[in-house]
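Lettered A, B, C, D and E in written order, each chain numbered from 1.
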Amino acid sequence: GNDAETNDSSKSGATNEGSTEKVSIDVGMLKLTSTAPLFIAIEKGYFEEENLEVNPQWFEAAQPITVATAGGSVDVGATGITASLYNMVAGGQKLWIVADKGREQEGFSSSALLVPNDSDASTPADLKGKRIGITQTGSTFHYMAGRILENHGLSLDDVQLVPLNSIKGLMESLNSKQVDAVILNEPNISTVVQDGYGKVITQVGEEMDYQTSGIFFSPKFAEDKDTAVRFLKAYARATEYYYDAVLTQENGELVPGENYDEVIGIIANYTDQDPELIKKGLPYMDRDGRLLESDIQTQVEWYAKEKLIDKEIDVNEIVNTELLEEALTELGK
Amino acid sequence: METTTRKVIKNRVAFLEQKVPGYVSVLGITGILLLWELVCRLNIVPPLFLPAPTAIVTDGWELISSGELLKNLIASLYRIFGGYAIGAIFGITVGLILGFSKWADAIFTPIVYSIYPIPKIALLPLIILWFGIGEMPKIAIIALGVFFPVLINTFSGVKNVDPSLIKAAVTFGASHVSVIRKVILPGALPTIFAGLKLAAGTALLLLVSAEMIAAEYGIGAMVLHYGNLMITTKLMAGVLILSLLGLTFNRGLQWLERKLIPWK
Amino acid sequence: MRVVVENVEKTFVDSKKNEVLALEDINFSIEKEEFVVLVGPSGCGKSTLLNIVGGLLSPTKGQVYFESSNDKDPTLGIVFQEIALFPWRSVFENVTFGLEERGVSKKERAEKGKHYIEMVGLTGFEAAYPKQLSGGMKQRAGIARALAVEPDLLLMDEPFSALDAQTRTIMQEELLTIWNRTRLSTLYVTHNIQEAVYLADRVIVLSRHPGHIKKIIPIELPKIGRDQEKYRSQFERYSNEIWELIRHDAEEALKEA
Amino acid sequence: METTTRKVIKNRVAFLEQKVPGYVSVLGITGILLLWELVCRLNIVPPLFLPAPTAIVTDGWELISSGELLKNLIASLYRIFGGYAIGAIFGITVGLILGFSKWADAIFTPIVYSIYPIPKIALLPLIILWFGIGEMPKIAIIALGVFFPVLINTFSGVKNVDPSLIKAAVTFGASHVSVIRKVILPGALPTIFAGLKLAAGTALLLLVSAEMIAAEYGIGAMVLHYGNLMITTKLMAGVLILSLLGLTFNRGLQWLERKLIPWK
Amino acid sequence: MRVVVENVEKTFVDSKKNEVLALEDINFSIEKEEFVVLVGPSGCGKSTLLNIVGGLLSPTKGQVYFESSNDKDPTLGIVFQEIALFPWRSVFENVTFGLEERGVSKKERAEKGKHYIEMVGLTGFEAAYPKQLSGGMKQRAGIARALAVEPDLLLMDEPFSALDAQTRTIMQEELLTIWNRTRLSTLYVTHNIQEAVYLADRVIVLSRHPGHIKKIIPIELPKIGRDQEKYRSQFERYSNEIWELIRHDAEEALKEA
């Protein structure tokens, strides 16, 4: 069934392209597992089929990608949704969040709150007055920490947040107990647990549904509706391919899908990482690439409450689901 | 009959004395601020990339009135004064010892000079290992950054006291203690102060760097925070405050210098 | 070629914005081949006057002009107390600086440079930097630099006052010998009365606050050999006359902080 | 009959001339290194907190032979030379302009002096925003840190050229261009070099800070990396290399100075 | 009290590790109330000798001693060319420095300070810092500081050579007046031959490389009023004699870089 569907859509894509010229698109991205759908779409030639030429622009950090997308120096950005993105929009740098690129979801969580192995804390509620390590203020980790605490009757004012700037810094501060808890993501969580100096007290996905990262279009790129839709068609096919390969569940347990090893191979190739590590940290993604639009609203409200966003922004100014819906319609979904 | 011509001598270095009226400076600054404001108002550069001066001042005021600035400033001031005081006291003490004792000089000066060129911030990871991530490492890194220039200036101040002053003192019957107290110390004071002033800039730089790496509060942490959040007006307000802090620090030292060295 | 200083007055504005009258009503001339010495107590405006004549300061009133029969721009040579050799130029490069600026050919520069370096007795030090020279040798280089442009007027502002007494004596003798060969019109500033009488055709004595000409004294002694026994009493008489004119002012000057 | 006593005059400033033999320095350094090694060998201090000198050298050698050092060093050198060159060129140029034009001086000098005390590292978030990707912001921050001291020294070098040299040149018929080229430029050179030397330290400090905050490769990133991993020997090796880098940089500038200013 | 310099020799090690013989075979004495002047060309070792006498340098050979009838340690007063006033002390504090170090009571310090400040003509400037004084006034303060300890031997190393010619003339006269009141045994170093003849009871002429005593010339003129007309020729004769002794050496010294 799956194959047939894929073939169908590829045909429908092909029929569309005949009249148009090949378009070149700069895509800003990071060498992370969560960029997998883009890797897949490139490797499997989905973009080619849409007559698009995608030029990956590799970045070292998330924030410059947002800036570059908003500023129009890349057409498409793929990275985490942070407070800085909202602030940029509030500051007049428009961009559109158009598709899912990874989220926290119950059963698929890839981030968690950890404490040292011998810690007394067993639930987040025990962290009152303690030090929690995050990467940077305004980061997704910041958001996760805040939301988790709120779920357990605390707030950020009840703890001390320590920005440690890097994942390595977080792990080692946990190891040397310079902080009482940290937020971490996979595969680092597995590493910490294996090395025996930390334990998970809650999974982020158990606490909330959270749209951590997304695909962004620069305003100029979004205006060219035809190309934008074609891009999303290729992308949606890739998310599906990803989902079917690595996110299939049987009886509440993750099982390898049919192209499991191929997908792992592609990711390992693009991220220069050990496939075994990659297998531990495969983020959840919507099969159709749809955004968790309601969560964007939640995020904006939370950041505004914490004064991490300068001005209130209207979600409709940043989220564009029309393009993806149109692409999905064209794909026959 | 010969005709004589007269060649009047004109001032050929008049160009050196050319005067620019005092108001030009004021006009210059005002003009640049106005231009900047205009560029922002007309949206030639997006406000995110270059916030307007009025916006910076407004946001700066908000930071002040909300008490956020004070909280961060106090955290920073505590670190900078603590670190500066510790570094300066140790620097002066060790500098005096090295300056007075030829043995200490011979043994320790080469070591001092080989540690001096290390950018002190590189020791921060080590210092975090030694002192943890609280206030201690930040104070320690500032103290370390202040220690070396103060030490080296104190040392060279002692070494470069005009020998004819020492000779005069000895001839008039001064004891060794007297020579140190009444000649070498006051003679080295201007150089020590030069070191203290040099160290002030380094202290501020290290403060900001240290706060960027692991701090919740502090002007440096605040600047990085707003940088992470892309709230550039507040970031610029923070930078403005740092500049004022630097200026005040420098002025304070100058004032102290005038008080302590009235004879210069 | 004759230099005329006409009604010169100079007012400075000091750091407290007060006007200070430094020179008032200065009138004199320097004839062809004449050696004129300015003496006066500290702060009477000797340097100010010399700078005005050299075109390094504008007079507030009056003017200084060259009278000559041709239309050529007058050239000047100058020697300072602070010597003002260019530290980054060798002795040769210093001496030929003025020629370089006048666009003289390389060959001619080499010749003239050699000639004047020899004249001041610095042969062998052409390639030395100023820092490698003693005070007396530096001042010789400074003199060679001023002579090398063969100036219409030579200006010297206390050229020897930074030297020690013995070196000064030797340099005075040498200067006279050189002057005798070149016979340049010269305006020479000094504090030292013996030096003035020893060198001058005419001594102009300035008084202070404001600086004005107290007296112009022609020295009626042969140019060479004034230190001989037979002129001793006349030499002393000139010296005493000048010292009497200056003494009170000099004592006052000493009291000023 | 009166008895006369003889009082022989003794040198009362002999203490100033007291000499310490040259080998004391060598012995001193060796002694301290041995002591350090011993403290580590006897496990008085855990090796994590203070690695032994031999361990540092061994690990340093490993960093070199594995090629890891080279990779990081090249990344850092590229940044530091790029940034230093850009900052120095702009600093000298702007300094000369401000020094020569009284109008530019009146308008821009107050602005320069109000930006000077900002610890440049605070501008890093802003610069990342402006320059975005990769190497540019690091080079820019170094250039900025170098720009100011070089500018201010160039400016004051030009302003403080001995006026009697300018007067001499003018008297000997030098044109304005000649005065600038043959007097003011060489006269300002020593001060410019002082600025360049001052800036070298700042450049290294900013390099490390910038790399600590945002870089994959580079000596600063390496030091922070091993700090995070608690591998103190490699961290110390990195610090050692930074110290050598600083020393080399300084020596290089001194060599250049001797070449360019032989008359000093 | 009499000061004896006996067989003094001094060798320096220069920067190239060569031994330089600066002084050789120096023998002379300074009697009570005697004013001895050392003259000689640049670099002949005048300052070195003065420093040895002052206990600021050790002789390589020989010794310097005070002969006195009591057991008191001799006190010294010293005046340098560079003046060496303590910049951070007011004129009064500078002048009374030596008394302070000798543990003299505050009251006595105030009295003596006042007395010697008045003697050098600095009344009214007690509270001034050295930087607020002119060159001549600084040197007066330096002299007052040396006088205030009422030394057994006064040492002066070219005290006036940094002053301008007129100020120097005035200061020489003043020094003589003061000396006449205090009659301190004095060792005075100068380059200036006129100054030497004007001030000295005995002039010691040094030659250079190595510095040794060329001649000791007693000046047989009344101590006060040597500049009078009637002593002029005798004054000149002494000057010429000394100049002839030094001239060749001085010319050589000038050639040294």
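By our rule, a residue touches a chain if its C-beta (ideal position, glycine included) is under 8 Å from a C-beta of that chain, and two chains touch if they have at least 3 such contacts.
Not measured: the values here are computed from a predicted model.
Listing every chain that touches chain B and chain E alike gives C, D. Summarising the inter-chain layout, the chain whose CA centre lies farthest from the centre of chain A is E. When every pair of chains is scored by its C-beta contact pairs, the maximum goes to B-D. If you average the CA atoms of chain D and of chain E, the two centres end up 47 Å from each other. With centres taken as mean Cα positions, chain C sits 85 Å from chain A. Rounded to a whole number, the gap between the C-alpha centres of chain A and chain B is 44 angstrom. Of all residues in chain A, those that touch two or more other chains are 63, 67, 165, 169, 176. Residue positions 54-56 of chain C each touch two or more of the other chains. Looking at chain D, residues 12-13, 128-129, 167, 170-171, 212-213, 224, 228, 230 sit in touch with two or more other chains. The set of touching chain pairs reads A-B, A-D, B-C, B-D, B-E, C-D, C-E, D-E, using the touch definition from the header.
Of all residues in chain B, only 12-13, 15-16, 18-20, 24-25, 27-29, 31-32, 48-49, 102-103, 105-111, 114-115, 117-126, 128-130, 163, 166-167, 170-171, 176, 201-202, 204-205, 207-209, 212-213, 219-220, 223-224, 226-228, 230, 232, 235-236, 238-239, 242-243, 245-247, 249-250 touch chain D in the complex they form. On chain D, the positions that touch chain A within their shared complex are 128-129, 132-134, 212-216, 224-225, 228-230. The part of chain D that touches chain E in the complex is made up of residues 2-14.
Touching chain C in their complex are the following residues of chain D: 162, 164-165, 167-175, 178, 182-183, 186-187, 189, 261-264.
Within the complex formed with chain B, the residues of chain E that make contact are 51, 54-56, 75-78, 80, 82, 84, 86-89, 97-98, 101-102, 129-131, 145, 149, 155.
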